[in-house]
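To start, the structure itself, in structure tokens.
The letters A, B, C, D and E name the chains in turn, as written, and every chain counts its residues from 1.
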Amino acid sequence: MYFGFENVSISYGKKKIVQDVTIDFPKGKTTTIIGANGCGKTSLLKTISRAVHPETGKVVFNNRPIGHYKPKALAKKIAYLPQIHESPSDISVRTLISYGRYPYRKFGKGLSEQDHEIIDKTICLTGLDHLQDRTLNNLSGGERQRAWIAMTICQEPEILILDEPITYLDIGYQLEVMELIRTLGAQLNITIIMVLHDINLAARYSHHILSIKDKQIYACGEPRHVITEDKLLDIFNIHSQIHEDHRNTCPFIIPEKK
Amino acid sequence: MYFGFENVSISYGKKKIVQDVTIDFPKGKTTTIIGANGCGKTSLLKTISRAVHPETGKVVFNNRPIGHYKPKALAKKIAYLPQIHESPSDISVRTLISYGRYPYRKFGKGLSEQDHEIIDKTICLTGLDHLQDRTLNNLSGGERQRAWIAMTICQEPEILILDEPITYLDIGYQLEVMELIRTLGAQLNITIIMVLHDINLAARYSHHILSIKDKQIYACGEPRHVITEDKLLDIFNIHSQIHEDHRNTCPFIIPEKK
Amino acid sequence: DNVLTSSQNNNTDVVQSENEVADVAEVSPIKRQLLKSADEVQITETEVIFKDDSGRDVITIQKNPQKVAVLYGSHACLWKEAGGDIKIGIGGKGAEALYKDQIGHNFLEDEGVVTIAKSSSAKTWDIEAILAEQPDLIICSTAMNGYSTLSAPAEAANIPVIAITYSGVGDYLKWFKVFCNINSKPELWDSIANKTVDDIAHIIESAPVENTPKVLSILPKTDAVSANLAASDMGVIIEQLHAINVVDDLAEDLSSVRVDINLETMLATNPDMIFVQCIGSEEEARELMDSHFLDNPVWNSLEAVKNNKIYYMPKRLFHNRPNREYNESYKMMFELLYPEIEL
Amino acid sequence: MSFTMKESLSAVLVADDSAARLIIWHVRLPRILSGGLVGSCLALSGCILQGVMRNYLASPSTIGVTSGASFVGYITLVVFPSLFYLLPIGAIAGAFLTTLIIYAIAYEKGVSPVKMILSGMAIAAVFGAFNDIIRSFFPDRIANATGFLVGSLNGVAWKNFSLILPYALVGIVICFFLPSKMNVLMLGDEMANALGVRTERFRFFLIVISSLLAGAAISVSGLINFVGLIVPHIAKLLIGSDYKYLFPTSIALGYSLVVICDTLGRIILPVGEISVSIVISFVGAPFFLYLLRNKQTA
Amino acid sequence: MSFTMKESLSAVLVADDSAARLIIWHVRLPRILSGGLVGSCLALSGCILQGVMRNYLASPSTIGVTSGASFVGYITLVVFPSLFYLLPIGAIAGAFLTTLIIYAIAYEKGVSPVKMILSGMAIAAVFGAFNDIIRSFFPDRIANATGFLVGSLNGVAWKNFSLILPYALVGIVICFFLPSKMNVLMLGDEMANALGVRTERFRFFLIVISSLLAGAAISVSGLINFVGLIVPHIAKLLIGSDYKYLFPTSIALGYSLVVICDTLGRIILPVGEISVSIVISFVGAPFFLYLLRNKQTA
């Protein structure tokens, strides 16, 4: 298994959240997890960052449980942006982004020439040039979110995990982040795993969509196969018109109330 | 003027955010504010809750500056849900919702029969029945957001102001919240003002759309007039395909990168 | 001069040993007891050898130091009484009042003593000023970090230090003996200390053993009133004079010096007399007592109060170390306890 | 001393000269009643401050109230010992004035709790230094006053009870009328404003009230810091953070903790007593640690 | 006393019997050098703890380190007064053991800073009560130990310097090697984990280090609480919260504040001196208040 969950179950106290989930995320592809609020998407991802310990099963990377890796070695391969993150308020955007280079730092060494180059490149990629010296507490919600995404990108990971990364972003930046993710995926062969609530963007920018329902994986596959009226009704309890976006060759939906 | 801004300018220190903005929100209608990250949407709304003081101009309700009202009297008329809100972690959903009845409380009196009825109704409306006794720290992001919305609805306001209310919600609940808002608007004649990043939902559920750009109101009017390719390019710097959603008789867009 | 000193020393030694021989024969057990610590001090021709309170095994001090620093008020008075000269001392209102009281004048000003602080707290000393004077003996208290602050710099400068904790007449006798001999004035020990010891022994012997009064000795503080137990200075005197300290029976297992007590206990034990220890002036002590007990019905119902037997004990004799006036403390207490007995 | 039920009852009802009357009516009763109120006032003060400051370490001592009260106490006792009867009023005034100073320092378009607590700590340090200076310069007299630093209820009489009673009544009023406003304040300033609370004014009101409560308690018993810090936490661990329950629980716990510990301190030694503040630390701290370990924290 | 440049130089270089040698080499130099290091250790300890605990009120005293150190100090001085030379080691050991106890209490699948600080306060209260008990029952002996409560550098000698030096060196190592890790920790445990920090282990390491730093400082100077609380805030107000700058600034400010205030306290009175902890409160607190008022807070 390249990267994924093997028979993972999660509970909080007596409350079961997911049960016996096995997923192998395909290498170099973008997989989006969708599902209703509270179905356990975030909990699943948290087992990767070890903030939540699975009750049974394990998270596997390159056929070894992630617990067997050194944390820094793992951090060079897997980057993770949690759904809710606290930020020290008075550091600059650039400083925040530079923290993404942490796993690469040698003990006692500062940022290298190369680190700075990568930081510059990331800032450019994420359109934060004009904000890089502003401190986080002076940014709008959306601006802040972009700085965080930039930080994870700066980690140069092989696998990038994003929990609702476009929350708070305006539609322009939503598109930009999704394009960025696509570019990273395609050019650098990064495996991307994210949680999105926007079905249309998920359908357009993912190779695979994985949906969770009732503690289990409900459906998994190409967007076309998961984004169907029936399945959406099951997952989200909504009706929908499904159209074809010819320009982007993907389905898109207009949700309808029941 | 029923409710709106009169020549409002806002700055943080030397940084001008909006300049000389005048808006009259039409009574009983739903107005959605759209605009790029950092354009000042939240700042404008914060002048209503007096978290931000306008540099010039004033916020007017029923032809009087809101500063002339008693806070509780105003709170019975205008409810406001900020974009980012802190929550005490160990109170139950029901308790949180009951706080919406605060402006109606008589000094030294507990919740009345009527209050409890309204709370029950709101819980039912927002689909929180099964969660009402859970504490907030045990909820998923989306579940928590719904509890907050329920709290503002419980305030029975004449004007309801929501800053990105469907952040974190899954598509099912997004639709449900928007439907709820529409119902409230239509049945109770509530004036709704909200900020949304989802252009499609904005177009479908708003009577008016107001967009901000370069410290000014850039466009304002019926969705059809604001959601055009040119204008979206100006506001968000994106191209877009504009289609017609026949079932909902509104435009919908598919955003495209530049 | 030197010759004279050494001959005097010889002399003392002889006197001393004679004394000791005599002691064995005729000294009463009471006197023996009082002199117990003092007897452990050894004196040679040029040195005085004893144990101080710094935790060191024994210390040996050369006689006749020329430049002495005494950094604690009552030690300074004792040193003066033992015929010593002080070149470095501490000032401040409290200390100066004490000097006037016990020595009769403020020697700091009168004798041009270098003053290195306005209180005995080691936190406020100027160590540099002490060392700069290059004293050849420093006497300090173990209280208020005195010794621990001074020990390292003094050691570096090769200055001997005596660190003292003293309470009660036994300690007085010990230190007076040490000081007199360091100053090569053993005759002062003979003339003053012996009189004190004799007086005290006599007073103790005169105290009746039966039907003695029940007494309570208290120390009023702002928010509480403490009772002096047997281990306190006043408690020792009371016990030696055979009066019944009403709290002692109750406090057999307590090793402390005093405990806070309440009116309930006072009423339950109902003492015949109450002695009030004054930290500041009698005036202040009265104010404090008023703040606790004025118009208090429980207080007013006490035997001692009804019979007007509340005594404010002079600070000089019962709070400060009275040194050579220890006999006066005993005498005063005796007269209060047993007014009917002539000494 | 122990009395029968009958003796005790008659002691309370009949004003005679019996030992029972003297002890129960004049010594024990005022002590128990005022001690309990001291506990309630401190607990309520801490409970309010921890909420208003949004910091679980806030307590009367963190905003400098304690040091203000004890500073004025010191000055009274050391410099003007004959004015000792002004001590209670002095302590309350000291607490109140310190609060105002700190508020003024931290104020700037509204007061920030962070700034306020930090100013409180700084002011407390300055007062503490003054106290140390006084202690160095009046070492004899101050030996009298050190007792102020270890809270005790020994000698508390009816006059102390009448001093603290009005504050305790204020506390009860708060308990009844303010929990919902307090709850709303906990949603954050923006939300609370939107719900009709004048947050700035309400916060000022609460801070003043809690400083008065603490000042009154200190003036009766001296410092029993621990109650103001720990009782609100115990209350929270037991019944959660809804002020409707939190206020009354804090008050009740503060009352009982002080009364129980004071009684223990009174009877535990064969003679003499152990100050209530010491007993509270020995009894309250382990209980608190037990709860902390065995319950979920906020 | 003042010396010429030449005298001072020769005092440092030539081991003779001159007054200059005695005073400069044996008294002043160790005092200045150790005093500075005490300041640095306390400031660094506070700086680390405020970060790790995510509470701006955290300082060595909030996690009980101070009380642990001073409790052991008390016991040494009061119960075994003849072992006073063990005091420094005792204080460090006390600080360290207290930290472990509190850690153990607060631990449960990882340690929560809230629980840890609260346990620290409770343990501190228990130790404080022990100290009060000792003070009530050994009032004479304790006169020895009360000095411990007002920090002072009077009488500090080379042996104290060699005691604190290794800890100060640890501090410097931390300054050079840990700021980036510390910065990452400030992003929250989840983020820090994802970036390759073993947060639980790192936090334990930091807490132990800071307790040792504080213990070492206390063993040399007694309590100068204010430095550990306020210096990190001053540093933050001056240069922001990036630990790359925050660590060295705290260390430098701690060093200079203590040395300057100690010197002031030494020369300000015509006779005698004022303890450094008192001067620090008088000098540091207003400076801090000034900054607090005139700069944006975090």
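Following the convention adopted for this analysis, a contact is a pair of C-beta atoms (placed from the backbone, for glycine too) under 8 Å apart; a residue touches a chain by one contact, two chains touch by 3 or more.
According to UniProt, the chain labels map to these proteins: A, B = ABC transporter ATP-binding protein; D, E = Iron ABC transporter permease.
Since the structure is predicted, the reported quantities are computational estimates derived from the model, not experimental observations.
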Partner chains that subunit A and subunit E (Iron ABC transporter permease) have in common: none
Most distant chain from subunit E (Iron ABC transporter permease) by Cα centroid: B
Selected pair, greater C-beta contact count between C-E and B-D: C-E
Length of the line joining the C-alpha centres of subunit C and subunit D (Iron ABC transporter permease), rounded to whole Å: 41
Subunit A-subunit C separation of Cα centroids, rounded to whole Å: 80
Distance from subunit D (Iron ABC transporter permease) to subunit A - Cα centre to Cα centre, in angstrom: 51
For subunit E (Iron ABC transporter permease), residues that touch 2 or more chains besides their own: 136, 150, 274-275, 298
Residue numbers of subunit A (touch at least two other chains): none
Sequence positions of subunit C contacting 2 or more other chains: 118-119, 121, 123-124, 254, 259-260
Pairwise chain contacts, counting only pairs that touch as defined: A-B, A-E, B-D, C-D, C-E, D-E
In the complex with subunit D (Iron ABC transporter permease), residue positions of subunit C that touch it: 92, 94, 118-121, 123-124, 221-227, 247, 250-254, 259-265, 267-268, 279-280, 284, 287-288, 291-292, 296-298, 301
Of all residues in subunit C, those that touch subunit E (Iron ABC transporter permease) in their complex: 53, 55, 91, 115-119, 121-129, 131-132, 134, 142-145, 148-153, 156-157, 165, 167, 254-260
Subunit C-touching residues of subunit D (Iron ABC transporter permease), taken from the complex the two chains share: 1, 17, 19, 22-23, 26-28, 77, 81-82, 84-85, 87, 136-137, 139-141, 143-148, 152, 154-155, 157, 222, 266, 269-275
In the complex with subunit D (Iron ABC transporter permease), residue positions of subunit E (Iron ABC transporter permease) that touch it: 55-57, 62, 105-106, 108, 112, 114-115, 117-119, 121-123, 125-126, 128-129, 132-133, 135-136, 150, 225-226, 229-230, 233, 274-275, 277-282, 284-286, 288-289, 292-293, 297-298
Residue numbers on subunit A that touch subunit E (Iron ABC transporter permease), as the complex places them: 46, 49-51, 70-76, 78-82, 85-91, 95, 99-100, 102-103, 105, 107-108, 155
